[in-house]
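The two complexes that follow have subunit A in common; it is paired with subunit B in the first and with subunit C in the second.
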Partner chain A sequence: MITVPPNHASAEADGIDASARCPLGLLTAFALLWLVVGGALALLSLLQLHSPGLLADCAWLTYGRLQAVQETVFIYGWAINAGLAAALWLLVRLGGDGLRGANYVILGGVFWNLALVLGLVGIAAGYTTSHPMLQIPRYVQPLMLVAYAAMAVPGVLAWTGRRTVQTYATQWYAVAALFLLPWFFSATQVMLTFLPMRGTLQMVVATWYAQNLISLWLAPVALASAYYLVPKITGRVLPGYDFAIYGFWALLAFGTWMGGRHLIGGPVPAWIATVGIVSSILVLFHHIILFVNLRGVFRPDGSTVLIFVAIGILAYLLSGMVDAIFATHVLAMVTQFTYFQQAQQQLTLGAFSMILFGVLYYMVPRLAGATWPSVALIRAHFLSVLIGFVLLVTSLGMAGWVQGRDLNNAAVTFATIASHTRPWLQLAVVAQALMLLGNLLLAVHCCWLLCARFAPAALSRTAAREVVVS
Partner chain B sequence: MSSPSPVDPRVEKTALTDEGLISVHDNVAAGKSDAGGHYRMLPLVLLFVFSGLIIFAVTYLNRYSGHFRGNIFDERQLPSNGPVVVAKADPLVLGKKQYGLACVTCHMPNGLGLPGIYPPLAGSEWVAGSDERLIRIVLHGLKGPVTVKGIVYGTAAMPAFGQVPGSGYNWSDEKIAAVLTYIRQEWGNTAAPISTERVAELRAKAGSRKEWVEAELRQLP
Partner chain C sequence: MKTGPFFFFGMFFVLAFSWAGLVMGPQAQLGKLAPYYDDAEGKAFPERVPGIAAHGQLVYQDLGCAACHTQQVRRPDQGGDKARGWGERQSVARDYVHQSVPQLGVIRIGPDLADYGTRAAKNGLSEAALLADLYNGKNGMPAYRFLFERRKIIGEPSTKALQGGVPAGYALVPTARAEALAAYLLSLKQTYEFVEARPYEPAAEQKGVH
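Up next is the complex of A and B:
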């Protein structure tokens, strides 16, 4: 193993972090806000799955719209805000220079979230597009594209203006994510929204988009973070790093084709589904290299950040395997169109969130220039999110398996199927409530950190009083 | 390198600077000289794994891609490369369809024609009688007066339906055989069916000619 000289500067890169404080802090704040809002909405929509009478009189909060709203909040509110904050910070850190073009991030961030609010109101009012993961109405889609482009500018500047010629895996993944989203987002807008294609072609484009969002944006951003945090905290050089580049290209080359596996048995030519199945098997090469490189994360040496990342990586590897195995015909016949697919999606999104939590715990104190105030809150957040995540994926997976098995049996009535899945869905509600609680703790903790850092006068007074009391 | 001392989760310690992170990994990626002759298993294993995945993928694609055709929706049903086998149509079904396409305009759905203008097919001695005469009428058409069930019809002409010069329809022998089989068994008619081969044989024998007249037909067997 190659030894690494220990780090001398504990407060390294202070100037860089200070330049990124305002814009990236704003994105993080938006992300946490949406995370809590999305969690509450997800809880409501899960409750409606087994208590259909809940809020049934309120058109804006019926299941169909609420589900679309919570999915949009999670992806466009939490994932993209937090992911961009992480990706920009990593690029700026590795670029070795301060964040340039901070105003682009602030302007873009404000407009992105404004557009998101408009879009959510639109969905709730019934103007959704009906394409999974792209439910925002057509009138905000171009605005979101422009706002995203503005937010990505500092990332591109940090990449082109980097101090070292050599690059690192984190930079490849982050830059790829920054550039790929505008490509497939704009292409999809043309093909689905402004010059909609004929009939079943729309379905093909919609699954392609949803898969790209996961394989070409969420995954690269999460992996960029993992590739940064693991050697940074452990101090060990990644084993087999010379193969990281193949893992990177394998994800880009095969990931984008995987969407077709959702169309098995659909009204599309057979090769579309077959190519999707084959790609989800080929992309396992990426997962293998990822495991080889990042296996050090499973020896976290007590680092909370690395424990979060380890769970995220584990979930990511698992989701890759589940995607490949359950894409095959025999199993897809049972799991397609059931809660099982939701479980698969939650596993993938949960992997992303876990890694992003790790980044936040590492990044926020450096951005703010203050330590987290409470160890107990970090532990509480970790435990509730971990238990909630495992419970949610297991319960939805079991509900989906039961549902799929019963649906293929003509003798079982729909009412019986519903009663069979009910206990699992109730468990899912508990899981979602736990995650909401955990994320609420994270948001509160963040506020506390900010108060402690930026309102020192008030706090020092309380501290002084405590000293007197004790 | 990691110290066993408890880690403070309130701010994670950093073990590596950003510049150090990039440079040590860049050195790894650039590869070192193999002076020591150290044998690494990893490249070989990855090569095998990737080859295995590729072989599986290509085999799977080859078997289940439906040859990338736009009109194949079931990946387990491959297009055949041998001679095209066309399912034999039921002559009564095909005949009824053909009848509905053209004949029905004059001979009517009930096969009774129009009194004084178009002769009937139901109970007609021409339909039930000589198959040669019947086939020739449909192949080449019929002009001039014709007596059916004792009544003379003379104002309308029957067009040629076969694949013969001057025909506006160009129906295949199979379609003609089917429509004749149909009219010979519909509306209470009970004559024998007519085969495609018989139609083909008569069409070859007659060659190129104009519409028949009744007198010519009556000389045929």
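Up next is the complex of A and C:
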């Protein structure tokens, strides 16, 4: 499973990695911290569904607020920090020069996470915007935009200063993510926060934003990583690579229209939902090309990194299909407003996280100039997040299906619905706990790696059992 | 791909296109939506809610009530919304024109509240009973004890005080936030029959109607 020939980066790549060590190490550290914090909060909020009395007397941790806090921590804490670290690293490596503008990343990273803390305190104190996936209070939104722009600067520099004119799929996806988030984030801030649109139009904008965050940020960053790692590790040319460009534009062009499917039957123009359903089917063109290009990942040849990426790609393809199938009217009438939609969201976010774990296992040792100290910890992390991920999506999906069917039958009371969903939600608690445990192991492992690298005494103890992960 | 400017222009355009379509399109359609003035009744619908209810909406938003409750009723033929008594008709955009941040919600762990005020009036649910539910929690809804405070009774006890729960000489009184929240919930009404909200009648129900 482990110990693949080191595939040693050239001296040049070492230089590139060394230039990125400090800023990207910082972002990774923030990301891992938020991942663990977010997991703990998610677990707590799931437990509150079982026993509503849990922490109910504490206004700051009441279910509605805790739910918003944990969602924000996951997206703006884990996903954006880790995703930016990966995207910048990929762009810098493919650009061929060292990371330029490292101070921008450090400054931006510090302010982004500071703003996030302020935002989370704000949500817990009741200043949420109450828009799904954009719960951060209005007073930190501009700061986050500026901090993000600062962090993205080195990515732009790496693109404009690249040594080869020809670009690669990884670069398109990574640059698209870096470039498009400020576009839709700023537009959304204006239309939702500072000059809010009227009435239900806010829901339309919020849905557009949330879908863009998934289709134009999380997915591109994850796919940029996959397009880099798969040929790099397998050493094989990507089949059908000529089509990759069409897959890229298909994601951008159709993905951004998909959000409307959530608004089916809502107090908004009906065509929005129709366009959303059609787009979520059209976007499958992108998924097909992705599968053609990256199918080599399903023969990982014992590479741990590729196994993570393979699970992530599989989940991503599956989420594309599930989104398309369950957008249809008949099924949406059951799954709308239920845990099923949370399951769909977890499937997408989990796909992102799995691929990002793969990148971290590849990137962190190269950035730090050290190797992972323990194979067992990597295996334990893999198993617990994989089992947790599958369990969580299945249990939430089943809970949602049961809940949706019960909701549509007016004879079933809410107490009965709760008793029907309880076993599945209990399973979800187990799943969330497993993932938290796994992610805690990852964080501990990273600390261990750093100690082994920068504390000589520890280094000598672990030198005997070093392993190379590729 | 070699053409950098084309690449950036393409990305910019793709997003601008979806922004124009998905955001500005509905804005053009609904951005100027006004209340409907009914000559027969001599007033405009939806009616404006009193200030305390508008304040209550902020409390609803700040507590994240939308994490469990929606406020949007689907058409009678879609799902069990009408059968559950959540509303006689579907919610339409005009219902929300006076709301600063409509709380449409995305999940129904609890019932839909779009027409809660009407329902409460029909079932004879008083404000006091609603406040008691908020204090005690109900059907899996957590208790919101922090919206209430224990006060020593000096002179006459508050008329809003809940019964029991505190030792003699004290009263359990809803805070201003609790009262605003209750006023807001009881103000939620979607009863006026806007033209666009005429229930879509499935073919089966139209039989025999001439």
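Convention: the second predicted complex is superposed on the first by the 444 of 470 C-alpha atoms of A that agree within 3 Å, B and C clash if a C-alpha of one lies under 4 Å from a C-alpha of the other, contacts with A are read in each partner's own complex, and residues count from 1 in each chain.
We take it that a contact is a pair of C-beta atoms (placed from the backbone, for glycine too) under 8 Å apart; a residue touches a chain by one contact, two chains touch by 3 or more.
What you are looking at is a predicted structure, and each value in this text was computed from that prediction instead of being measured.
K.L.:
Look at where subunit B and subunit C land on subunit A after superposing the complexes, then choose clash or fit.
P.N.:
fit
K.L.:
I'd like to know which partner A:Y361 touches here: subunit B for first, subunit C for second, both or neither.
P.N.:
first
K.L.:
Could you tell me if A:T167 is touching subunit B, subunit C, both of them or neither one (first, second, both, neither)?
P.N.:
both
K.L.:
For A:P142, select first, second, both or neither according to whether it touches subunit B, subunit C, the two together, or no partner.
P.N.:
In the superposition, A:P142 contacts neither subunit B nor subunit C.
K.L.:
Determine, under the contact definition given at the top, whether A:S303 touches first (subunit B), second (subunit C), both, or neither.
P.N.:
First partner only.
K.L.:
Pick one for A:G25: touches subunit B only (first), subunit C only (second), both, or neither.
P.N.:
Touch status of A:G25: no partner.
K.L.:
If we overlay the two complexes on their shared chain A, which of subunit B and subunit C does A:P423 touch? Say first, second, both or neither.
P.N.:
Neither partner.
K.L.:
Is A:T128 touching the first partner subunit B, the second partner subunit C, both, or neither of them?
P.N.:
second
K.L.:
Once chain A of both complexes is superposed, is A:F243 in touch with subunit B (first), subunit C (second), both, or neither?
P.N.:
After superposition on chain A, A:F243 lies in contact with subunit B alone.
K.L.:
Which partner does A:P182 contact after superposing on A: first (subunit B), second (subunit C), both, neither?
P.N.:
It touches nothing on subunit B or subunit C.
K.L.:
Which angle, in steps of 10°, is spanned at subunit A by subunit B and subunit C when each chain is reduced to its C-alpha centre?
P.N.:
Between the subunit B and subunit C centres, as viewed from subunit A, the angle is 30 degrees.
K.L.:
Quick check: superposed on A, how many Å separate the nearest Cα atoms of subunit B and subunit C?
P.N.:
In this superposition, no C-alpha atom of subunit B lies closer than 5 Å to one of subunit C.
K.L.:
Both subunit B and subunit C touch subunit A; at which residues?
P.N.:
Overlap of subunit B and subunit C footprints on subunit A: residues 166-167, 245, 267-269, 275.
K.L.:
For subunit C, which residues count as touching subunit A in their complex?
P.N.:
Within the complex, subunit C contacts subunit A at residues 1-2, 4, 7-8, 10-12, 14-15, 18-19, 21-23, 25-27, 29-31, 33, 61-68, 70, 72, 74-75, 78-80, 83-85, 90-93, 95-97, 99-111, 137, 139-146.
K.L.:
If you look only at subunit A, which of its residues touch subunit B in the complex?
P.N.:
2-10, 12-13, 93-94, 96, 163-164, 166-169, 228, 231-238, 240-246, 267-271, 273-275, 277-278, 281-282, 284-285, 288-289, 292, 299, 301-305, 361-362, 365-366, 371-375, 378-379
K.L.:
State the interface residues of subunit A toward subunit C in the complex, per the touch definition above.
P.N.:
So the residues of subunit A touching subunit C come out as 48-49, 52-53, 56-59, 62-65, 67-68, 126-130, 132, 159-160, 165-167, 172, 175-176, 179-180, 183-184, 187, 191, 196-205, 208, 212, 216, 245, 249, 252-253, 256-257, 259-260, 262, 265-269, 272, 275, 333, 336-339, 341-342, 403, 407-410, 414-415, 418.
K.L.:
Name, in rising order, each residue of subunit B that touches subunit A in their complex.
P.N.:
1-4, 6-29, 31, 42-43, 46, 49-50, 53-54, 56-57, 60-61, 64-75
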